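Going by the order they are written in, the chains are A, B, C and D; count residues from 1 in each one.
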């Protein structure tokens, strides 16, 4: 397990829990990062850019890698602009592309996402695109130079869990990049299940922000994700579709 | 979290993972107990009774409480007899009642289980009955003096997961004893989900025995169970049935 | 299909949709029976007994068989009393046993149900017991002389659907009596699914009473139940767990 | 119900069951059409084009509208070519666009499908595109002039059912064209459920071809689809997330 690292764009991570920061106060971020054991944290570029007294960057520990996202972008051009701005602001080379046309379900625009990925990858960014889990798009993202794919589990912020289960499974089997499940994961058990399926990492934000106790939920997610990873590596047992199997096959019925 | 102990029959446990031992070799038991962090381990009385060179008891660490089970019993009378034998053999006061009439699905006989519980509770046993998750039976078990109820998730050994989800939820809400989910849990994510629902503990055996790597799977279950417990205590976030909620509500669309 | 009749206690039915009448006005019953194509309709004995101006029996067509139920009974004794009263009132030999201890989830008391079944079967009743889907209880009901078993799909009146799916499937496979799914079926698709699994008939009441248009929903259930029956008889196709299969295997890719 | 017609490209249909013909012999087509009550039937253009002794068109009744599909096309250009060929062969103006890049999961290529739709709609075709259920693509198809959208339920030929349930529901709510669920529907209950959600029609092929009795399964699907449509029009009842509701609220417990 010690050597089980996650590689994204040549960078090595030990944690498989990527934290969103958009839905809770700056004061909670430090605790969340610590309890989540996160090494990657997303933040909206605008938030980094705020000239307010408080700067989100002050709350993020040194060893944590920033993953600026392009939230607010409605097309490739806007996403590209935000990504470049993030780099200028000193946020580094990682970028999570989020492009949404639709304001009700906030579903990613796959086609524009491919376009932005292509441009930014060429500019040396480590591009992690948020996407609707469509195998054809995932292949286009691979060709465009993405460093991972980040399919949604269900609509963002919904806490509905793995609505796209079957198609995320297909991505895991067919795509030779880390598949990071992003958006819609509402409970640690759902994160655990995605990891058991072979997902490379989990991104969560709303599930923590809407929990009764954010740091405790961060810790719960951390453990669930580690558990799912171990189960994947250990190899899950077979499932019986019919019948049962005695808990103690060494002992039969008493009188037998 | 440190004070979050599980009380069964006046005994205090820190672990919420109860280990079954019936499906793997004695040599693996020690590792499994350690990696699972288990403080309670079930074993078939016949197995303890074996005059073979190897004795299962030699493989169970001192601090671990034995939970002898009555597997092989087909009615209350046989279960009572096995329980008394276990006590005579020095297995202590705990007993898990398992009574099965049916050899295909191995479903517990609720009515006989209530009878055996009543007799054994009066004899000072700490009775943990394995049961089919029927609210009326659970109430009868409370009245009969059970120290917990142990409803099945799905047929024993099936690894099918929470087929009885809705009815286990009812037990958790209505029964004032620890509800320990037993039988059928096949993956850590399923154990985690049961804990999120408010289960007091999880019992697993086949899921470990059929895993590719038993000790690693034991460790995965341990973490998943802890994660589910934390999530339950933290309070799960709300689920949106429709729509979505922006990951970063502080930033709107770029041009807004 | 014409010879595909449902036999209950030696009586032959062509319809596999049993109608509940407890949740809507007498005026709607006639339409419901007609649109449902029902040949069996349950009614609470007290309702038949009412000395009010309106009598439910006036609204039930001649060719329809009455299935008085013992709703309100809390134990075997009460159920037996109600059943006998029903026969005295001229409701015939059919009786649906409903015994509930619990007023929140209204779950049937399996043990008392077995007792009442035994007594009433000996008295010549055609006994159709409402039950919690426990295989051991179902076997006891067979031995007690039941003419069918009526397991619940989910708590009565909940419209939640097949929460007990896996255990109803076990009853269908193991029990040599018609398995009639009763309680909790909320949509025609759920009734259809139960029939595809091999259920002998479906009973519904709340799903109709809470629909926007009761007669139209009655007709929808009728068709869905017939469809499920046909699918069961036709033999369902295999399910691929992985991959796909071309819609037109006769034509390959264009250039192949 | 009599006025409840399905409008596609200005054409009115009374049946909401679209039949695929690619997976069974010509001899079965006539029976299938009759038992399914189908008014629209897809066929691969190559199959219509066959110079063999048997011509599929001879087996399709006069009143049935042909829906040639572009199966075998790997991009927009190929699909356009096949569509034009179909019109030349006398197959009419309807065309179902199927464009697949991937030969394992046979998932439609949304982007190429939008391109082909735009060209063919301008040429006067009534374009019914098979698609992966992505809301953004569905909006693009509306703008491109599609007459309906045909999202997949699960991988074609898999009989896995409504894996994309949540996203088809979003299309139904957001898209102002008939949403026809195509691919993956394996059982009548699944077709019924999609119709209850508000789908406009169902397309099936493999579910029939792999059934034990094809004409009987065709009839089962027909009824299930009608049932689901009626349930949608009638208005489904509410679902209780907790608790139950007495089947006969007019009668309380006996002694009350």
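As a working rule, a contact is a pair of C-beta atoms (placed from the backbone, for glycine too) under 8 Å apart; a residue touches a chain by one contact, two chains touch by 3 or more.
On a predicted model such as this, the values are computed, not experimentally measured, just so you know.
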{"item": "Of all other chains, the one whose Cα centre sits farthest from subunit B", "value": "D"}
{"item": "Centre-of-Cα separation between subunit D and subunit C, whole angstrom", "value": "32"}
{"item": "Chain centre separation in whole Å, for subunit D relative to subunit B (CA means)", "value": "46"}
{"item": "Averaged-CA centre spacing for the pair subunit D and subunit A, given as whole angstrom", "value": "34"}
{"item": "Residues of subunit B whose C-beta touches two or more other chains", "value": "104-105, 107, 155, 160"}
{"item": "Touch-based graph of the chains, sorted into line, ring, star, complete or other", "value": "ring"}
{"item": "Subunit B residues within the subunit A interface of the complex", "value": "1, 20, 22-23, 42-44, 46-47, 69, 71-74, 78, 82, 98, 103-107, 155-160, 183, 186-190, 192-193, 196, 205-214, 216-217, 219-224, 226-231, 233-240, 243-254, 256"}
{"item": "Of all residues in subunit C, those that touch subunit B in their complex", "value": "101-102, 104-105, 107-111, 132, 134-137, 139, 154-155, 160, 163-167, 170, 174"}
